[in-house]
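Should a chain be cited, it is by its letter among A, B, C, D and E, assigned in written order, with residues numbered from 1 in that chain.
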C-alpha cells in the first residue's frame, strides 16, 4: 500500500508521537553523561538530577536573599507583562485592523504604512523606547506591543477583507450604519479569527519579552535566564526554557479552547469557507 | 454615504498613503529640534543632517582602518547569513512539512513534536547553540533556522493538509506512487504557498539575525547596531534601522513578485479556493 | 405608477461594455425573473438596482425618485451564498434587522424590546418554515434552510423591493420545489416587488409574472467588447399571475417537472435537525 | 461475466449505519446512475468502489478479483470539484497520466517521449472538445470546460471503470446538456463501465442504462441510526441503450427538457476563452 | 594533549583591543609561526558569551577579569591560568549618581548595573567602604549595551558601569562619579587566561601569546606616529576615536612592560583581592550551588600559595610567561 494510504492505529500513533521526545531526551542524556564523565563540574549539559535540583531550588524553595520563590516571582512578572502587552496589541489590532480592512479611506491611508512598520526591527529601536518610556514595565510592554501589533493589524485587516462582501450588502439592506456593521457584523466575526492570529504571535511575544527582560529588569523569566548565563548555570536555563515552552504551549492550547468555546459557530463556518 | 462605501480616488489614495509617513517624519523632526535646542549634543534624536552625515560615513566612504565601506560589508554579511538560513529553513519546511501534511505516519510521529518545538524560545537557547556550534557563521545561521523552520514546517504541513483530498485520489487513479504524488502534485502546489509563509517569517528572521549578531560577530547590520549602541550613536542606529526596514520590505515585495511570476496559476487558484 | 423604472442604462467594466441600453418598467408587486447566459450581466444589473454599482449612463428610479446612493432597507436581497451571518443563531439573524433599526448606537436590544423583537422574528421564521430551529447556527442548517433563513432575514426589514440573485441555484431539486412554494406564498402575502436572477428556465416560469432575458446579440471576438448584453425577450407569463391571488393547482403541479420528488424522504431537506418540526 | 459485483455490503460511521445490505451486479459497459436523497450514502458507496473506504461487511469484486486495497489506474474518477490540478495547464493535466505511468522516478517525460505523450493527450483533449485550450490553466476555464478536462484526464489512463460523483452538478443547465452529449459519445466509443452519482433524475435517465436508487426506508429519529440506506429501486432504462450503438434522435432531444437551450448563445460555455474554437 | 592550532576569544574592551590590532598586524601570526603553531584570534561581541565559550571548551584562551575567571570557568571545573595580566581598572569602572555628589546618597536608590559583573563587585566594595550593604538599595540588572540609553531616562538615578559607558554617561549634565575603581586599585584585573591543561601540554602557546602581547604593548605605548596609529585603530575598532580611546586608557593602569606585569602578578595584593572576590562571589551564590563556603574553589597564587581547597585548585596566577618576556627569553 502507498505510504500516503497507510495509517497508524491509535496505539501506534501515540507511541509515534512520543518517539521524537524520547529520542531528544535520550540524546541529551547520552551527551550529558559523556561530558560529565570528562569533567564532573561541567555546567553545559547538567544531569537530570541537577535539573531536578535546580527546579527544586527555583520553584519549591525560597531564595535566601529575597525570601521569594524565584520561579514564581519570575513567572508572575513575565506573565503580567505578556498579558498587558497582548491585551494592548489585541486592542490595536482590532481597531486598526477593522478600520483598514473595512474602510477604503483607512486602507488607502494606513495599509502601506502598516506593511512598512511591520518590517522595522523592534530590537534596534530599544534605546528610543527606553528614553521615551523609561526603563520600567512600560518600555518592556511597549517592545512586545511594537513587535506584535503590526502583524495583528495586518492579519485582522486581511481577514476582515476576506469576509464575503455579500454580508456587508446584506447588513446595509437591513439598515445598518457603518458603526453598526462594525459592531454587529465585523467585530464578532473577527474575534475568533483574531485568536488564530494571536496564537501565531505567542512565539514572537515571548521572544520580545525575553529580549526586553534581558536588557533591564529585576525579575522575569527572561531576566533570570540572562542573569544566570553569567555563570553558565545551564541547569537553571534549561529548567526555565522547558517551563517557558510549557507556558507558551498552554497559552496556545488555551486560546484554541477559548475559540472553540466562545465561538461555537466558527469551526463549522471556517470549514465551509 | 456610509464610510464603508466611500472610496478615495486614485490621487487622494496616494496622498493618504503618504500621509502617515509624513506625519512620522514631521513628529521626528519636531522632537529632534526640541531636544537639540535644549542640548546641542543630544544624541538620541539626531537632526536630518547628522543622519545624512552618518549615511555618508557608513555607506559612501571607506573606513580608514579596514578600507571597506562598512555598510556594504555589514549588509553583505547579514544578507549572506539570512539567505543561507532561509534556504535551510525552506528545505526543512518543505521536507518535513510535506511529510507531516501528507503522510499519516509522519503526522502521528512529528505533528505534536513540531508544535512543541515551535514554542521553544530560541533566544533562550542561544548559549547552548553557541557552545555546540561555535561562534562562527554556523551558530548564527542555526539560530535563524531554529527560529524560523518550525513555523515553516507547521505552515507547510497545514497547507498540504488543506489540499483537496480529491486531488490525491485523482493522482492515485492515474497510477501515481506516493513519491510521484509528492513530486508532481504536492510540491508544485506547496511552493507558492511556502512563499506566503516565508514572507511572514522575514520579520522574525531579521530579529534572530540581529540577536545573533549582537552576541558574536565581526560584521553585520545587527553587529554594528549593538557596537554603536554603547555610545548611543543614534545617527548610525537609525540609518541602519531604516536600511534594514527597506531591505526587509524589498525582500517581502520580491517574494510576492516571485510568487506571481513563477506561479501564474496560483492567484486564480487561491481566489477560487 | 411604476415602482422601478430603468431608462437606457449602460454599464462598462474596464472599457468592456457589459450592459447596453437597458430600459425597463417594473410594475408594483411584479415578480420579474431575469434569465440569460452566464456572464451576460444579470448580477451586474441586480447590483445596480441595489445601488452597489452605478450605471455609466441612464437612470434608475424607484417610485419616481432616483435610486439612493447606497443599499438601504427599502430593498432587501438574498444571494446564492453568504446571505446570512454565520456568527448569529437563526433567531439572531432575523432579530438583527429589528435591532439595527431600533438601536442605532449599540445595534442590540435588551429586555422587553428584545423580547418583542424576538416574538416578531419568530413569526417570520414560522412563516418560512423555520419554527423550532431558532437556536441553531446557519452552519447547522441544510442549504435550503439557510436560504429560507435569508428570506426571513430580508423580509423582517419590510422592504418594498426584494432582489434575488440565483437564490436557489445551489439547492437540490427537491428542496428547490419546496422553497418555490414558499417563495410564491410570500410574494402573495406581502407587498413585495421581486426581481430574481436565475439560470433555471423552469424556475423562472414557475415563479415569475414576467420573464426577461438578457443576451449579447453581437458576440464576435472581433468586436473587442464594444457591445454589451441587452433585453432580447420580455415574456408575460400566461396564465397571468396576480399577487395576492394564488392559484394552488398550477403552482403545486409544477415542481414535479424536474424534481425527483417521489424518491425523497420526508426529512431530506434537513438531516441536521432531526426531531425538529419544520 | 460481470465487471463489478457487490455482495451484501454494509458501511457504518461512528456506529451509525450508512449503507445496509447493498448487493449489486454491474455488467461490463453498463452505465449505472446512482440517485437518492442527500446524505443517503451515494458518495460513500462510490468511495468504496474506489477503495477509498472499505466495507464493514460484504465484498466488492471487479472481474472476479477482490478490489485492490487502494485506488489504482484501473478505476478513473471525476468529482464535482477539485478533479483537475490547478498548477498544471490543460495539456499538463492530461499528459500527467502518461508521465506518471512512464516515469516512476521523476514523474516527468522529456524530449521525444514527452512529444509522443503530448500528441496522445491532444487527441483526447480534442475528443472532449478542448482543442485549442491546451496552454490554459484550469482557473481560466469555465466550469463545464473544467469537467471536460477532468474527463480527458481520467480517460487517458484508460480505466476499465469510470466513477463519477455528481460530475455535472455544478454546471449551468445549458452547459450540462452539451456535456451530456459528450459523456454519451465517450461511453459509446470507449470500453468503459460507468457508475455515476447524480441528484438530477433527468440526467440519470438521459445518460444511464440503469438507474439505481438508494434510500433509507426506516428513518424515524428513534432508530438512532441503526438502519442505513439500501437499494430501493433498480430501473432498466427503456428503450435499452447499448454501448457502441448510439441512437442520436433520443439523446439529442432530451436536453431540451430542463434547459434554456434556445436562449443560450454559441460561446456561453466559455467566456474566458473567446477566440478559441472549442 | 599537545596540539598545533589554538583559539583565543576576546571581546571589545579598552584593555583587550590590542589583541585585535595584533592579529590584524600579523604580530600574532609572527609569534605563532615562531613556535610552529597557529593562533586564531576571534572577536566575541558579548563578553559573557566569550567566557561561556571558553568554559565549554570552544577556546583555549580568553580575555576576562579576575572575578569572572573565578566565577565562570574555575567554578565550572575548568582549570584556568591567568597567563597575562594586561591591566587593572584605575577609574574605568565607576559608580555614577544623577544630581547627587556623595556615595552615601546611593542609599535607598535603584542602582542599574550588569548584575554579577565587576560593576556589581565594585558596588559591593564601594558600599563596604561607607558601611552600607546591598540591602540598603536595590539592584536593577541592565545590559551594558543599553546603559547609556538607560541613563538618559529620568527614573534611572544611579548606575555602576565601565568604560566607554562611563565616559558617555559622565558627559551628560548632572552625572557625578561618586566612586570609581581607582579607589580600589588593583582589584579589577583584566587578564588573558589560558586553559591550564592546554598550557601545561603546550607551553609554546603561552609563549607565543606573551611574545605577541608585549611586542604590541611596546608599539602602542610608544609616542611615535606608529604608536598613535595603533591607538587610533584600536579606538576605531571599539567604536570610538583616538581621543575617546586615550581617555579610556588614562583610566586604565596598563602594564605595558612585562616586568611591571610580572611584579604585579607576584605581589601579595593579589591574594587579598582574590579573597575579597571569592567572598563576594560566595555571598551571591556564584561559586556553584553546592558551595558551602568560599573555599570550594582553590586559587593558586604566583608564589604557589593556595587560597581555599588545595584539592580543587582551578584558578592559577603565574608570572612565568611575563617574566620570560621581561627577560627576553621568548
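Quick note on the criterion: a contact is a pair of C-beta atoms (placed from the backbone, for glycine too) under 8 Å apart; a residue touches a chain by one contact, two chains touch by 3 or more.
Keep in mind it's a predicted model, so treat the numbers as computed, not measured.
Novice: Tell me, which chains sit next to both chain A and chain E?
Specialist: Touching chain A as well as chain E, we find B.
Novice: According to the touch definition, list the chains common to the neighbour sets of chain D and chain E.
Specialist: Shared contacts of chain D and chain E: A, B.
Novice: Indicate the lowest number of steps between chain B and chain E, counting one step per move to a touching chain.
Specialist: Minimal hop count between chain B and chain E: 1.
Novice: Applying the contact rule given earlier, which two chains have the most C-beta pairs between them?
Specialist: Here the largest contact count links A-B.
Novice: For chain B and chain C, let me know how many angstrom lie between their CA-based centres, rounded off.
Specialist: 48
Novice: Quick one: report the Å distance separating chain B from chain D, using the average Cα coordinate of each chain.
Specialist: Their C-alpha centroids are separated by 46 Å.
Novice: So what's the Cα centroid distance for chain A and chain B, whole Å?
Specialist: About 18 Å separates the centre of chain A from that of chain B.
Novice: Where in chain D do residues touch two or more other chains at once?
Specialist: Within chain D, residues 70 contact more than one other chain.
Novice: Quick check: what residues of chain E touch more than one other chain, meaning two or more?
Specialist: Answer for chain E, listing residues that touch two or more other chains: 52, 56, 145-146, 148-149, 152.
Novice: Listing for chain A: what residues touch at least two other chains?
Specialist: 2, 44, 127, 131, 172, 177, 214, 229, 232
Novice: Taking the top-of-page definition of touch, could you list the pairs of chains it picks out?
Specialist: Those chain pairs satisfying the definition are A-B, A-C, A-D, A-E, B-C, B-D, B-E, C-D.
Novice: Which stretch or stretches of chain A touch chain B in the complex?
Specialist: By the definition above, chain A touches chain B via 2-4, 6-8, 12-13, 16-17, 19-21, 44, 102-105, 108-113, 115-116, 118-125, 127-128, 131, 147, 151, 168, 172, 177-178, 181, 200, 202-204, 206-207, 210-211, 214, 222, 225, 229, 232, 234, 237, 240-241, 244-245, 248-249, 252, 273.
Novice: Inside the complex, what are the residues of chain C that reach chain D?
Specialist: Touching chain D from chain C are residues 35-39, 142, 172-174, 199-202, 213, 215-216, 219, 221, 233, 257-260, 263-268, 271, 274-275.
Novice: Can you list the chain B residues touching chain D in their complex?
Specialist: Interface residues on the chain B side: 164, 166-167, 169-177, 179-180, 183-185, 188-189, 263-266, 268-269, 271-272.
Novice: In the complex, go through chain E and note every residue touching chain A.
Specialist: So the residues of chain E touching chain A come out as 48, 51-52, 55-56, 68, 71-72, 75-78, 112, 115-117, 138-143, 145-146, 148-150, 152-156, 285-286, 288-289.
Novice: Tell me, which parts of chain B touch chain C in their complex?
Specialist: Per the stated touch rule, the residues are 1-2, 5.
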